[in-house]
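Same chain, two partners: chain A is paired with chain B first, then with chain C.
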Partner chain A sequence: MMGSRFQITKLGAWLITSLTVLIALAWVFPLYWGVISSLKPEDEVVRPYIELWPQTLTFDHYYSALTKSLIGLWYINSLATAVGVTVITIFSSMLCGYAISQLNFPGRRYLHILILACFMVPTQTLIINHFVLMANMHLLNTWLGMILPQLIYPVIIIIYKQFFDGVPKEFREAALMDNASEWRIFYRVYMPMNWGITTALAIVVFIWTWNNFLWPFLAATQNETMTVPVGITQVYNAFGVYYARRLAAAVLAALPVVLLYLFFQRQVTQAITLSAGIKG
Partner chain B sequence: MSDIKLSNVSKTFGIVSVIDDLTLTVKSGEFLVLLGPSGSGKTTILRMIAGLETIDKGTLEIGGQRCESLPPGQRQVAMVFQNYALYPHMSVSGNMAFGLENIGLGKAEIAARIAAAAKLLEMTSLLERYPAQLSGGQRQRVAIGRAIVKQPKAFLFDEPLSNLDAALRVRTRVELAQLHQRLQSTVVYVTHDQTEAMTLADRVVVLNSRHVEQIGTPMEIYHRPATRFVASFVGSPAMNFIQVKTKLNGKKIGIVAPSGKWITLPNASLGKGDVELGIRPESISIVDRDADATGQVKIIERLGERTLLHVQLDKGPLIIVQDSGLSKLNINSPVKLKFNVSQISLFGPDGKSSLRSAAS
Partner chain C sequence: MIGKAFTSYWFPVLLIVPFLAIYGLIFIYPTISMFVLSFTDAPLIGSGNFVGLSNYARLFHDPRLLVALWNTAYFVILSVIPGAAVALLIALAVQRLSGRLQAAVLALFFLPFIVPVSVVYLIWDWILNYQFGIAMHWLDALGIPRVPVFKTVTWFMPAVALITIWWTCGFSLLVFLAGLRAIPAEIYEAAALDNASRWTTFRRITWPLLWPVTALVLTIQLILQLKIFDQVYLFSTGGRPNDTIVMVQYIFQMAFVDDHGGRAAAVAVTLFLIVIVVTLVEFQLLRLAGGGQKK
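Up next is the complex of A and B:
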């Protein structure tokens, strides 16, 4: 009896594992195909059958993507934008979450509701307003113009608010008894308590911003001011599309995010779990 | 001068009144314990002194200075929280230094104060550790150390021993008493544990549902409870209560004991009718004759140095009587009991004591 039940459990586990592996393969194959294709000569890429390994391995496409496009400049633009958005978003969201959670001021509840209401407004619906506003302020094709409209991440504020809600109020009271100013309570007591969550959130905001396409696509009208995801769509020449070169550019574009993920896997998973609960 | 004066203080949360017209003075150097059950308002009083709750009406003076509108940090009082509230990311010395840095003390002065407090509390070796690396008792010490370094006018303790295990609680209680003797500082201490109140306090304030039931020394509270609530709340086992009738005999007024015997109580301010006689288990003795009450032993609790007998009175309720540790009585033994008249309390229908001093 016990033996058969054990065997059924084992069989179930084996089936689930196989299924998971299959799904993982289905997921990873396009990535593998993209990387492998970027290492093939262009004529091998367009062959009508599948070759899992290139006959001739070449790094030419990477070389040409790096030398014949403005990808270096796009990297700098992307980096400046992503770092700018991350730093400002995290810092302002942390302060905002702290205020809604810990400070007593008139209209606090309404502010909280207002922030929650922001979830209902997709960024896309604001895009024309943003464009007109940035154009009027002459900020198109500037880093600032790229950054400002991307600073809206209500989910980060809500995560911080919930975190601060969970901190026992005695810490704040002890700090008040210790004659600490509001500012000191924030940056000496509350901020150091949440380094873990801040690191995690900073990484996901960085990744979201790095991968963002719509606004950078609109805000940058010149090759020199594009970010990497926008720029790689420009990697073609007059004779048509070169798949391998485009894929090489795509791999280069994704590389920082992949590295970031590899190094900070735990924090990214934590942050995505935190935001998933709220974002729904 | 570090006395604390609360005058006509009231506090409401929304429509719920928590403290109603409280006037209380804590003398300089006094160890005052606020004792009461949950929801009696004792923690609210402490938090109002600390400045963590606003005072809706009335005034607060600390060391002669009006304080009710000062922020907590400027009242020169230090508080030890129930869960200690040590900043988890700061070392022990960091925790102690934080308050001193906030008032702009120099590094040398801060180091000197921390060293002195650490020596006093015998925790010099813990200074570089973090709260997570400390045991409950050690955290408690750090919380007290954090209060001491501030050299406050008064210390406020909010049930500081309730998170410790029983053995450690007893030891820390003694240490707190010693510390108070050494520092001679004003202390306001909140607890619902009557043993802490009895052992630590110079004076105890017994609170019950928003008002003060009695203020007195631990012995006054114990032996001369002003109300039935105080009598029942303080003391373990609790005081026995027996319904008795008052009777006038000539010009003398007294009560009729359960045995029918008449007990004269010349200092009582009694009217006619029923009163409740309150008497503690240790004030009842087992006698051979001349009994005030008779009954039968129902339960025996042997505690070593004493024995508690639960006696069902023949004419009255089940009461607890204290006998010697080597009590020879058995279950269902009949007993004759005599009350120590000087230790009798009487409570009228309003729950207030009708008798405070000894009878004849």
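Up next is the complex of A and C:
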């Protein structure tokens, strides 16, 4: 690939590759260190030297984190919120993206402009009014109140629109020739085409929602209604200065999304690249 | 055929109703009520009287506004361009690799991005712990005196920016990789025939062809980091939040700690306008810069 004038010797290429691998390992070291510290006994954790592997491997901190905090409850809250946001976002975005892409109706262009404008508006500035609105609707500390303000993902609509734009017009024309209704065309022709992209987007929306901090942090004013990522930072009295136990809780908070990523790497990569506005 | 005319009218309406309902309730309505609220003296929950522009007048005399504006800008400077540069370097290194090794290395660099911000906080708070943190052992070994990183105003923003780059780099990395893969191999082959050096190839081919992607990464990161809150808030607990405050945190404090709904809304409107103006200006600038690059 490169010029012969500056031919890179095999040794040079090998060095760059090794360096890349070394840096990659150093890159995940903080995560490794967090996990490994959570597996050490409390007295071993605070020793003034570095042990890359625990002398005594213990799962006690996981047991304490699970029994001495409300993490079980937080898991249920996180799961309900993330599933709710994912299902509603995917469903409404797919329908809207399809309408803008394939159907003709008055105001279609304005709708498209409105969605593009949504990208510019910083939702973080809306926290006060989200809070007031949810308080007035008596939805604070409920799953619905947790879900509603997190439903703003205009990018998902645009991805669906672009996907439907890319489908050849012949599909629609052929279906119309068969006298199929609009609903049938959508349900039987277009929907089955996008299962791949829907899976990928659903996984990513789930991960984003699971990880979301600001709104869950505001919407839960009681320990019982927190999500996992919020709960592990808020409840110090349950953990005190037990470093290893705090880290065990952190590992438990990250575990579901890390597993999702490891199982669905290809889909996560595809959806994230799409979300940046690049066709994967 | 009558049935068909009926559905072709109502079908699009049915499809966009969920979107309109959701965005009307939690996007358009809150945006309008934010502006309205900023002209009142309401507490967080409850009604208030119309006070005109006095919230804004007070805001511009509040020294905390300047601190928050400066810290936000400082964080943007420390994170946006350095973060993109780091991601580009990693992308170039990862692109050289192939097969399983590439997939594994990419996954290692990407993994932090998948983790919730509070986990990032707990892990780095532990690593940089003044008494027991592993980083402090390294400082000791190097003979550098220990620093309570998140309690020292000088170190706070650089440290949080570095951690943010470490955490979010995976995203820009994926975008850069997609951009690099889109550059046709024939162009590199032609360059090789011309005996172009690595550096020349990068400067003349990779960089200009990648520019739209670089601009995209910079735009996304700039807008994202202007709205920074999570990490800064978490690391500042137990530190000096008044000195390290950023804009969204200022909104949060004013509304949820001081219970001044109206005044907080004025801060929110200010940030809202800043983000929109910066977005529009940046789009224009990048378009001009992109046009210049092609020549």
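Before moving on, here are some points about what is shown:
Assume the second predicted complex is superposed on the first by the 259 of 280 C-alpha atoms of A that agree within 3 Å, B and C clash if a C-alpha of one lies under 4 Å from a C-alpha of the other, contacts with A are read in each partner's own complex, and residues count from 1 in each chain.
In this section, contacts are C-beta pairs under 8 Å (C-beta built on N, C-alpha and C of every residue); 3 or more make two chains touch, one makes a residue touch a chain.
These numbers come from a predicted model, not from an experiment.
On the superposed chain A, the two partners chain B and chain C both fit, without a clash.
In the superposition on chain A, A:I128 contacts chain C only, with no contact to chain B. Measured by the number of chain A residues touched, the leading partner among chain B and chain C is C.
Of the two partner chains placed around the shared chain by superposition, chain B is the only one that A:F171 touches, whereas chain C remains out of contact.
Of the two partner chains placed by superposition, only chain C is touched by A:V258; chain B is not. By the touch criterion defined above, A:L11 lies against neither chain B nor chain C after alignment on the C-alpha atoms of chain A.
In the superposition on chain A, A:I88 makes contact with chain C only, while chain B stays out of contact range. The superposition-derived angle at chain A (between chain B and chain C) is 100°, Cα centres, a multiple of 10.
When the two complexes are laid on top of each other via chain A, the two nearest Cα atoms from chain B and chain C are 5 angstrom apart. In the superposition on chain A, the residues of chain A contacted by chain B and by chain C overlap at 181. Residues 50-52, 71-74, 77-79, 81-83, 85, 87-89, 98-99, 102-103, 146, 150 of chain B are the ones touching chain A in the complex. Interface residues of chain A, counted against chain C in their complex, comprise 1-6, 8, 13, 16-17, 19-21, 23-25, 27-28, 30-31, 33-34, 37, 45-46, 48-50, 88, 91-93, 95-96, 98-100, 103-105, 108, 111, 114, 118, 120-133, 135, 148-149, 151-152, 157, 181-183, 186, 207, 210-211, 213-214, 218, 228-230, 232-233, 243, 246-247, 249-251, 253-254, 257-258, 261-262, 265, 268-269, 272-273, 276-278, 280.
Per the touch definition, chain C reaches chain A in the complex via residues 4, 7-9, 11-16, 18-19, 22-23, 25-27, 29-31, 33-34, 37, 44-45, 90, 93-94, 96-97, 101, 103-105, 107-112, 114-119, 121-124, 126-127, 129, 131-132, 134, 137, 166, 171, 174-175, 178-179, 185, 188-189, 191-192, 194-198, 201, 213, 216-217, 220, 223, 226-227, 229-230, 234, 237, 248, 251-252, 255-256, 261, 264-265, 268-269, 271-272, 275-276, 279-280. Every residue of chain A that touches chain B in the complex is listed here, in rising order: 168, 170-171, 173-181, 184, 188-189, 192-193.
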